[in-house]
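Reviewing the structure listed below.
Note that the chains take the letters A, B, C and D in the order they are written out, and that residue 1 is the start of every chain.
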Amino acid sequence: MVGYAFMGAAHSQAWRTVNRVYDLPVRARTALICGRDPGQVATAADRLGWAGYTTDWRDLVTRDDIDVVDVCTPGDSHAEIAIAALEAGKHVLCEKPLANTVDEARAMVAAADRARAAGIRSMCGYNYRRVPAVTMMRQLVAAGRIGTVRHVRAVYLQDWIVDPQFPLVWRLQKDRAGSGALGDIGAHIIDLTQFVTGQRIAGVSALTETFVKERPLPAGSSGLAATVDGDSPEGRATGPVTVDDAALFIARLDGGAVASYEASRFATGRKNALRVEVNGSLGSLAFDLERLNELEFYDGTAAGTEQGFTRILMTEPDHPYLSAWWPPGHLIGYEHSFTHQMRDFLEAIATETDPTPSFADALQVQLVLDAVQRSAGAGSSWTDVEPSLAPVAA
Amino acid sequence: MVGYAFMGAAHSQAWRTVNRVYDLPVRARTALICGRDPGQVATAADRLGWAGYTTDWRDLVTRDDIDVVDVCTPGDSHAEIAIAALEAGKHVLCEKPLANTVDEARAMVAAADRARAAGIRSMCGYNYRRVPAVTMMRQLVAAGRIGTVRHVRAVYLQDWIVDPQFPLVWRLQKDRAGSGALGDIGAHIIDLTQFVTGQRIAGVSALTETFVKERPLPAGSSGLAATVDGDSPEGRATGPVTVDDAALFIARLDGGAVASYEASRFATGRKNALRVEVNGSLGSLAFDLERLNELEFYDGTAAGTEQGFTRILMTEPDHPYLSAWWPPGHLIGYEHSFTHQMRDFLEAIATETDPTPSFADALQVQLVLDAVQRSAGAGSSWTDVEPSLAPVAA
Amino acid sequence: MVGYAFMGAAHSQAWRTVNRVYDLPVRARTALICGRDPGQVATAADRLGWAGYTTDWRDLVTRDDIDVVDVCTPGDSHAEIAIAALEAGKHVLCEKPLANTVDEARAMVAAADRARAAGIRSMCGYNYRRVPAVTMMRQLVAAGRIGTVRHVRAVYLQDWIVDPQFPLVWRLQKDRAGSGALGDIGAHIIDLTQFVTGQRIAGVSALTETFVKERPLPAGSSGLAATVDGDSPEGRATGPVTVDDAALFIARLDGGAVASYEASRFATGRKNALRVEVNGSLGSLAFDLERLNELEFYDGTAAGTEQGFTRILMTEPDHPYLSAWWPPGHLIGYEHSFTHQMRDFLEAIATETDPTPSFADALQVQLVLDAVQRSAGAGSSWTDVEPSLAPVAA
Amino acid sequence: MVGYAFMGAAHSQAWRTVNRVYDLPVRARTALICGRDPGQVATAADRLGWAGYTTDWRDLVTRDDIDVVDVCTPGDSHAEIAIAALEAGKHVLCEKPLANTVDEARAMVAAADRARAAGIRSMCGYNYRRVPAVTMMRQLVAAGRIGTVRHVRAVYLQDWIVDPQFPLVWRLQKDRAGSGALGDIGAHIIDLTQFVTGQRIAGVSALTETFVKERPLPAGSSGLAATVDGDSPEGRATGPVTVDDAALFIARLDGGAVASYEASRFATGRKNALRVEVNGSLGSLAFDLERLNELEFYDGTAAGTEQGFTRILMTEPDHPYLSAWWPPGHLIGYEHSFTHQMRDFLEAIATETDPTPSFADALQVQLVLDAVQRSAGAGSSWTDVEPSLAPVAA
């Protein structure tokens, strides 16, 4: 694994847990973790349970006893690492968004295509597909339970940088992160809604906003938290925020639905509010990541006086991924989506099938992000999403 | 009062109740109700408690013992009736949206301005401003409790025409209704969010959609319900739907906020889901008309570990409009917003002040509706809202 | 009507409204209202819309043009007024609880029985039976939708006297009110759960508590609000609270269910939280009066992965009492339960049938209250409810 | 660890995770797991990540390299194993309830007292104390934020044996489990409410019920799931259910509060609904284990018009136990309460302090369970809880 911060910790927990919960034909070993700071990566290896550590990601690619490379770095290094790993015959799991630019993403898809011919698997880490409620939304839509999808509305709302003194971490710098709320959290709702509906975003009209344009330089950061230097705001060195704080767009999907999307880091009080609602001709589905064990399903074919949104507690053994966890009513958390992801990735490797979302699926999300940025840059003018050849993953 | 259907019944209930609940310097008499069908209007007068009835609205304007005319007809007749009434020296309450076109709305504003000089009052029926939770949202924003407003997200979702066999009632015809979901329910969230934030929509990028383009002709209708002729769908005469089923737009407000709006009659399972959330630099507010006795308030200045959305049950005597109703915890309903509206209208008449929202305020909403339609008609291109001179009502 | 305070206002609103909403074979006139204070009752008559007023309730009984007497006084005068009215051939609606003692209640039942022979109707005002969600609970249980009822849990929680300086109003005096939280709000959940389940409470084990035993004497009161004399708590004259602040009991129902009940005026933050849940072998139902437009229904026979509590918004035309109100999604409030009660009472009179709950039904509630008080007075010992002959009303 | 079923899996996950998340002065090794079936325990050891396994729990007690014994067996073997381990100088974590009888529990407390003198620690696994929301309830009550506690109402509702064909697993047999819903889940709400309020249950009036008195014998079980032999219900061998399906009691706490408790396995639709509400003179707290990341806090000292239940999302770094987990808004699950428990247990061992809840605390819960059973057996007569000497754990 490359990277040991927030995503690194979450992925480590999943790698350590996946074979303890699921019966799988292969077992994961947490062999080698890579980070740039030797002291910090050594500490992380010890804490997170990795057998070894390195400061050079190429070690992961060259070691013969390593079969899988998990890329958890900022987006600007995804392409280089992932392509090298694929070319070295390693299966690759790459965090989302796939890359910071469409060009990089295309190169990664090409590398994945070449590797696939040699039986090498690749997958992008849109982990929320594996939240059981989201997986079940997909199943219900695919089974026709809500009929023809007419409306999608999706928001992903956080508030972690409302304080104008929060420092200028890498996620607020375009060269590292590619974009702001858009690529970080907007990408999730793009992928998730396309996954759930089986429809793709065809065109968008967008706006983005940066509410706080200058921030103090960071002294240190960990996960999403960070600190600044200086005793008072006045004395702090500052730098420009080069990404969006919020991105909003309306869209048309290729199956006829209309949609609304919003990603923001300035929605005070909303901590991780990924909320998706889908309305179809026969029913509706609603989900909120802050209540991730629940799914709301409106069945418009039920008896008229008994219709309503049913709050399904997603903890039954027949719910997706749940058979291996706890008895009904015992909740799972955020990290479990990664365990489910590792389960499916390992199973795909063992059974020599291609996991989803593929790099090509992730490229398509990248094309939507690109259309959003182009529309926002052109006065919200309608912008078609550039076609890619990959089908929406089933 | 002109009109006796859904709005007519709701207004009648409010006129009958307002002096039974509130101490006011004037008393309403329900003197004369007007409708086109003599039999139906006679029945309505008897049922709804009106002393007399007529089939000619001019009777309301010419009778000396009538001081107030309440216009509850479809939008295409608002201008003619309201202007005539104002010119005859009657105070006018006109249902929303103010008119079907900007030109009509401008003429009504001009008439209202002339009448005001003679002490004649006019008001537009955006009743949701008087839901106590909405009034309190306005108060909290105005008091600075959520700081600078950054985000507005508003939806008004219904599902009453999801069935493609629901007939082509007047609300689905452009010449009668002006627009579809946009003017009928979208107008409410435009007015409400501008009222709450004190900011105006400056520009929009919009799309509209008509999912079901042809519907059976109606045999009869009542309120929002209707019936069709013919035993089977095949045998029914049909006509084209000439309004939008759904309208979505993103917007910038003149105070710097970004916003998202959606109005739909195709959101299966959502019956009257007017939902508004406002995020500011210090806090947030959220409201859902399907739980109209509740207001959610996030105070970002509270102790860190105790922050959260507080569900305020809006039934305390110190809450807006509540002192005259029931003890704490005893809910009010939809119709009470009209009683509150009549209370404020009567009080304005008695105290010789101008009630809000004025016709000019309502014209400004009309200008937003117009911008939305122009943007949707021009491929979602960014469209500035034409300025009007009226300030947002306090 | 006798009484013009909280219940008087609520009943007046219902009497004025019932024929404006429902098509009924008879029409209510609000003829004469009675109260002890001549000035206040005159004001009330004018405000609440009564044609005349009196300070002697016997005027209601003796006037020939009066057909119905509505008793909204404190419980200590129910028996005298109701019996006199029945004997004078007036139909009687009497507020709950029926009386302050079992003996009085028995006398009232006897009077009602005699009057029934002459076609005179009587009904007790357990208005919450007519909240649409409660009526529908009853229908679903009766239809077998939740199978055999195993569990009932009911609370009625308020907090209006948490402040120890709240004065000693009549509701806190045993000679006026009979009991405290028990008879005032506990009676509601006793009646409601028996109504919903069709089972009767057979025996109880109870405890009661008075947290604040001495309170300042009141200077004035209105509804549930009241004021005290004196600038500071120290200088105020006080008196003893002679009723319970809270009552809790566990129970067995005659159909085999076990149950838990709690009524309190000291549940800080709960304003009018009448909450009832019923669990059966095939499903469950849950209701909260603070969200009175909603009913939660768990259908245990639904597909396993789709089971959950369905939140039914009780605003559809086919829901009980709703056909005459507003379109789907438009809420009703607390007062509507009284309008529904008046509708059924008037219909019973017109159709010469007996309305429910009858005085005999209300006597049975009284017997439960009596058993609770006896158990609480005897160290929570198990106490059988004395049988009464009346069947549970359908 | 002894036991490898439901609790065994949950504890294993926690032992493996605790040092990966928290910085602690000691590290847990998962050395040896014990179970009666050699094949199953071998599989469990491999799956759950234990270095070795055995079929004789005495191996855990005698091996010198083992410092801690974790007892996850049914209650009938707790005393023997825990006492032997303590006497052998092992720190002991014992699942709840502490024992099946008061006598066993007293013997365990005596053993723990003797061991403590030698620096050996013991703790009972009431894991829900370590759900962050519950820990924070305790902190808020202790800080006086809700004033004097007047009301406690607690339910723990499940529905896993509503089906009368669910087999007669060990949890339904008195000799193995001691009691049914009472000891299994009722014990949790007894401990939790005493922990939160700092008050102890002084006396109770109780009833218990067994709705299904005969069940098919089990063919196999895993966690809470189980299977039966035989194709049809008719052909199955059955046996008597010897424990309660549901237990209800009202209580007085030694600090003056009144309380209501209910534990049931027959609450259809409630999967793991541990719900606790505490009302004090200044505020209230409410918690639901099915939404374990949320705490509801009503602050009665807030501005009057802004009072309401605040839904605190318990994911902030300053919330109890949360600093080591994910960023705000990223939920934790059921299993995390065990990780928190192991953290505190390890820290107590390392810092040579006594962890809570102690065996003495758990004995006190046992005495409440005993009082409940005696009251239920004596016609719900009021039964004082036998005093124990241990203080409520801070």
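The criterion applied here is as follows: a residue touches a chain if its C-beta (ideal position, glycine included) is under 8 Å from a C-beta of that chain, and two chains touch if they have at least 3 such contacts.
For reference, the UniProt names are A, B, C, D = Gfo/Idh/MocA family protein.
The structure presented is a predicted model; accordingly, all values stated were derived computationally and were not measured.
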Chains in simultaneous contact with chain A (Gfo/Idh/MocA family protein) and chain D (Gfo/Idh/MocA family protein): B, C
Most distant chain from chain B (Gfo/Idh/MocA family protein), judged by the mean position of its C-alpha atoms: D
Whole-Å separation of chain centres (CA-atom averages), chain B (Gfo/Idh/MocA family protein) against chain D (Gfo/Idh/MocA family protein): 54
Cα-centroid distance, chain C (Gfo/Idh/MocA family protein) relative to chain D (Gfo/Idh/MocA family protein), in whole angstrom: 40
Set of chain B (Gfo/Idh/MocA family protein) residues in contact with two or more other chains: 270, 307-309, 313
For the chain A (Gfo/Idh/MocA family protein) and chain C (Gfo/Idh/MocA family protein) complex, residues of the former touching the latter: 136, 297, 299, 304-313, 316, 318-319
For the chain B (Gfo/Idh/MocA family protein) and chain A (Gfo/Idh/MocA family protein) complex, residues of the former touching the latter: 146, 150-151, 153, 155, 157, 159, 162, 205-207, 209, 211, 246, 248-250, 252, 256, 258-260, 262, 264, 266-270, 279-284, 298, 300, 307-309, 379-382
Residues of chain D (Gfo/Idh/MocA family protein) touching chain A (Gfo/Idh/MocA family protein) in the complex: 6, 10, 12-13, 16-17, 19-21, 23, 47-49, 158, 160, 223-225, 270-273, 289-293, 313, 315, 317, 326-336
